[in-house]
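Structures are listed in the sections that come next.
Each of the next two complexes has chain A plus one other chain: chain B in the first, chain C in the second.
So, the complex of A and B:
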């Protein structure tokens, strides 16, 4: 008994949880069963600290085809087609081995999308690292970006967008969140629920090895000797070519109607896939580990049942169709083995030939994990550090150049040039040419806009307001290209939820997400939670990452984010109330503190609607959302992209009570920088949305006046600062 | 200067997509009966201070998380 007790603790189960397992089984679990419970009752699989909170998120909407609980969410895009999408984290594997961690993160999210019958058409990534002056951060950044490019480019799915932030709290725990967007014919889509007692369970794809077996916890329990180097669970290696075959094979099987259901194998491998499919279908599953194709001959049943080998899928097939399924797999040169059967027992049974090596009730395994209430407590003020790198007395020109060259604001061309952003021939707007990526959907006669956002620093300042802002930022990005939101996916990256301050951040962030989605009428169709993201110095910034898909009637009219013509008027549209709280400037000055102004969601939504209509009608020449670094940075970005300067006066903001610095560098939601014909811009105010004409495009420099401050920066200097990332990543490496 | 050859190979048990691709291509060319193909790489170099070679391998030539390396002294018996 004492041996067992220490073993379950090493596997991450508490004493109370272990006792509950014993109660549900009416006996002590054996080693196989303990491994299964410890993984499915982990935070990653059971969401035991977040599930109660997540119930608050609105998940229903007219256009929702599939919601949370499936492999990915999906929304109707018309003409019998649906767009499926989901974002997922691969933070911890990427912190160990960034190239393979990021690559297999992409591979995993692709499988989630094609598991429901959608062909992946785009990838976006949201990445967070420590400050760029740290060698470790540059190592992780370089590896993660190459890994994403390796997998996405090889499999032929374009990486169309993303974001990268550099902040000290991510130094030891980088974030790698990958989002995949897929397109499906609704008729060919399939759910993840197993059904039909007597149906066969078929494992497809790569063979099973000792990849990522439950991480360190199961390793500790497996009683390996020091000499057993080869038996150590290994880093997962991605194989995009294997995945490409698997993808085509699965889509053909679904198109031919040969599968009852399909699920990818991710965390906790067969245990989680079989358990979740059985739970969703209210059935049982028998699995024979002796029939699983292995990469290494001497694997134990517990290793096979929890292995996280990549590029595998589990399908349920009617017995009569098994030969045809195997034939299709054979033609795609993808492995396939009938490893089990759907039963009416309500239990997952693990067999090795005739011997039963594990037998647990599905309900206990999948839904039996106790859900915990958080004990949130608001921390007293700012719990993260501050580091000043810019003198607050620096002149405005120097401040602007410092902001433009700050790695979080600077152009990410170095990263996205490593990605193929156009393969598949749907990409209308590439990264950094517009605020959201735009993909043509000729199958439905329209287009979609996609964006991914989440500024963790602002969420750290105010978890509620910061999360609302992340949603608004996404909606604003879509509005810039004329897109109307259809649905949202999210990945909640937080520290240890058992700490009251982190629990408070999580609780406030989920409230913000729920309220913003409710107010905007945008359903949450999928999501993922990654907790325990901590380093020796404490938790990461709370980082809810929001991905959004919107629709636009036609791809042809999309405006870019750069100014278009000399002489065009430049205006600020929307309820923008800039503040230095939580801004990039406050970070550079080392004066970050708690608190953000409350965002006015409905006013921002009205501005988005006005802009969306104007873009769709072709009434404006450019649109760019005012974000990190404030109006001055937005103006610089619009000018650098166009190779045209601008001359503007921010007097209308100053007259309203903004300080010169707030007008120049203050941040907050609700602002759009637009350019075009002056009369056309002014006419947008007819909808009741504020439009302030600030100046015009032209002149070879950035010439910005704000009250007592006036700055003139040559365009070439701004460009050099904004494009400084590549030199700093590679030069220093 | 010491002449050495460094052999780098995937650790036992780790997935080797390159080796797998080679293994799959061989039967099509008529080479039957080939199994367990593992593809690594070789680096030859001359070093003033061979003592530091293991560190150099761990930091740059090999990824110690997923690869093993072996240093051969080419001066022996050459």
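So, the complex of A and C:
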């Protein structure tokens, strides 16, 4: 087999990288080997532009059971149990074919979690699309939501939370990030490292076809552009039924102690799974492609070895246990074939029967890819556009209704009602009933809180501060339900890192993430990087998405985000310093620019601790973090959910120098809107955290005064605006 | 009181059903290839996507060995509860009248629904008065109850309607707001809402527990 010189370029390798492959092999690679290197040395698999930066993230903590490098991270939740979790992107497949792209994104992250021996108990999604008035955005939104529902609902894992933002820079390159949370008995957990020379390598699940060939290199590691439709064959097709059987089968195998190790097949298929398992275990693996069950009999070895067919897992099994493994697979009607063996050679060898068709050193394949330094340069000012859709002279009432009906702020009920949020009997707080999802863990006698956040627009304004804010937003959401963070996962969605401005955004964002995690004592246990998110109009907003799992002792004590009783006092807790910089209002007015105020991480952490204790002690009736759209929108959300209005005066904020507009609509970290017994709320100030009583719950309207501005909006009008998303998606479609 | 919960490949809610049954007796899973229902006092056919449901929902599951045994069990008067996919399977198997079609809005829907007990007599509705309201979640893509008008007239005349969606709560366009029906003998009940997901205050409501407790009381 000979290789034409330009072939490596088509597969995404640079000339220098190709030379390095030749050097490592001491010869030219054949076609099979070139396919293997081009995929494992892609950005998607090798993290060649981000790995150096990621070393800055703190990854250790008392509660960490598994950290980065495994299929997913895991933290101790007590009583011998661990919670495994990870977020991963499926952006480019979703931009090309949203239904299958999103569905297989869910399928992939589920496999990462059950590969550890954890039963998936929750899914959350973080989605980004262009503005809703674009037909393409509505098409992508509809397809992605249906795809997530199709996979998650069919496999019986509840989708309990998430977020959706609509911003023009995502028009061409939408983002679909899926997070899965699983629960495991720590004793039954397994790592991905292959071990035991002579052990069998068993491929389980679906048969292998020509779908998704080159997905990691062609699709995930290059910018989107003209001709993306021709890339549809690189998108995989999901089969949740196959995955459901595979999931139950793998959990049974692990529960019975029949597997030495387990790894899912994702990007780059068998090549990456076998390579990474061998690398982690310091061994070699021989794979016989003639023994791989195929969908099409005439597949070439290189196609078999890089196919990204979904719903497949690779297990290492002691030879004596192979029959029992095959029997369990048979019972679950899931495919299983012994396709290889663990060797001491330190090489991945690809065989077709007796013929060797590929032979590469594991070290070169998995760790040999050159890592690149970035060439960051701060861009000159705001590099994204502005589009005014709201007159800055609009009255306060009109402004509030415009914000509530802005698709990024409006209720996402249209989307989350398409997801099963209750299967599993753990869901204590369903979507939008509290700031974080709450899942009961009776196995450990407690509960977990889960949240996923990341406002790309604010990160675009200031990558460092915006990323710190994303972490704080997550911690605040957890605090609202009494949750204390145990660990963090992240997905870094950025543009082309070879461009200086994007490199600068990436470097500043990772610094912010590292510093925030360090200051808060929250370890990063897993993550994913998605680069080259660009369309013809330029890069996406830099979008680090942060997922967090926290612990709380008594799920029965959890409060919601809506007001609870007429006559309750309403107060603002925490070091909230609202600003219009980077706010939803600044977007609507078309006045976005670079820069955000610096967040005070330790002050926010103190407020979170106070709130957490108050929620756990049952001292407050509701808690809602002040986020997009500022205090006025937080008040409206608290009121709409309860069907109770409120009468408040923001004078305490105005007196300290906030303008009326900043007090009403300004954004920033550190603020919580709480309600309850007035004396109980005031007593929270004893901890040294600021508590400003603003008014009380009651009245059929939102009655908010801020200095010279006063607005009165009937609750029904606010509700109509906040629930306008369904009509705008369906009506316009 | 021993419950059996059928488990097909692709079932989703079988552990939830097991948990709910466990609050009203003992319960075990019944593998789809099992034919021996010896010792069982009641059977639940749970929710999910049996065998993937890539064909019409429930169309393959009705042919499973376990369902053949469940049909015999039902013919002998044994209490059978079909929830969501289980309801679809029982309709496909001819154990219940009617069929479940794609939701009117052609989307999956998951929300808390208000039901009204419609008066059908069955072990599962023992202790629930006609007109009583129950709050129970629905979650399905193919839950629109359909039957020809004459059949609807007949099952209404026979008092075979067990639950209707309360006015304004019909989530899927079901004919005459029907959420659940029983067979003529009353021992087989199928419904789209999920009573097994309404057995704990912590996770939403306890109204669904009454269906499980009802049959336990009758059996005891």
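For the reader, a short list of remarks on this structure follows.
Assume the second predicted complex is superposed on the first by the 709 of 733 C-alpha atoms of A that agree within 3 Å, B and C clash if a C-alpha of one lies under 4 Å from a C-alpha of the other, contacts with A are read in each partner's own complex, and residues count from 1 in each chain.
Here is the rule we go by: a residue touches a chain if its C-beta (ideal position, glycine included) is under 8 Å from a C-beta of that chain, and two chains touch if they have at least 3 such contacts.
Computed from a prediction, not measured in an experiment: that's the story for all the values here.
In the superposition on chain A, A:211 makes contact with chain B only, while chain C stays out of contact range.
Contact with both chain B and chain C is seen for A:333 once the two complexes are overlaid on the shared chain.
Applying the stated contact rule after C-alpha superposition, one finds that A:96 touches chain B and leaves chain C untouched.
Of the two partner chains, neither chain B nor chain C is touched by A:388.
With both structures placed on the common chain, the touch criterion links A:296 to chain B but leaves chain C unconnected. With both structures placed on the common chain, the touch criterion links A:241 to chain B and to chain C.
In the superposition on chain A, no contact is made by A:617 with either chain B or chain C.
Once chain A of one complex is fitted onto chain A of the other, the partner contacts of A:309 are limited to chain B, with no touch recorded for chain C.
More residues of chain A are in touch with C than with the other of chain B and chain C. 239, 241-242, 333 are the residues of chain A that lie in the contact sets of both chain B and chain C, per the superposition on chain A.
Interface residues of chain A, counted against chain B in their complex, comprise 96-97, 100, 206, 209-211, 229-232, 234-239, 241-242, 295-296, 309-310, 333. Residues 146, 149, 153-156, 239-242, 244-245, 248, 332-333, 416-428, 430, 440, 555-556 of chain A are the ones that touch chain C when the two sit in their complex. Taken in their complex, chain C has these residues touching chain A: 9-13, 15-16, 19, 47-49, 51-54, 107-111, 137, 139, 141, 194, 196-197, 199-200, 202-204. On the side of chain B, the complex with chain A involves touching residues 11-17, 20-21, 24, 63, 65-66.
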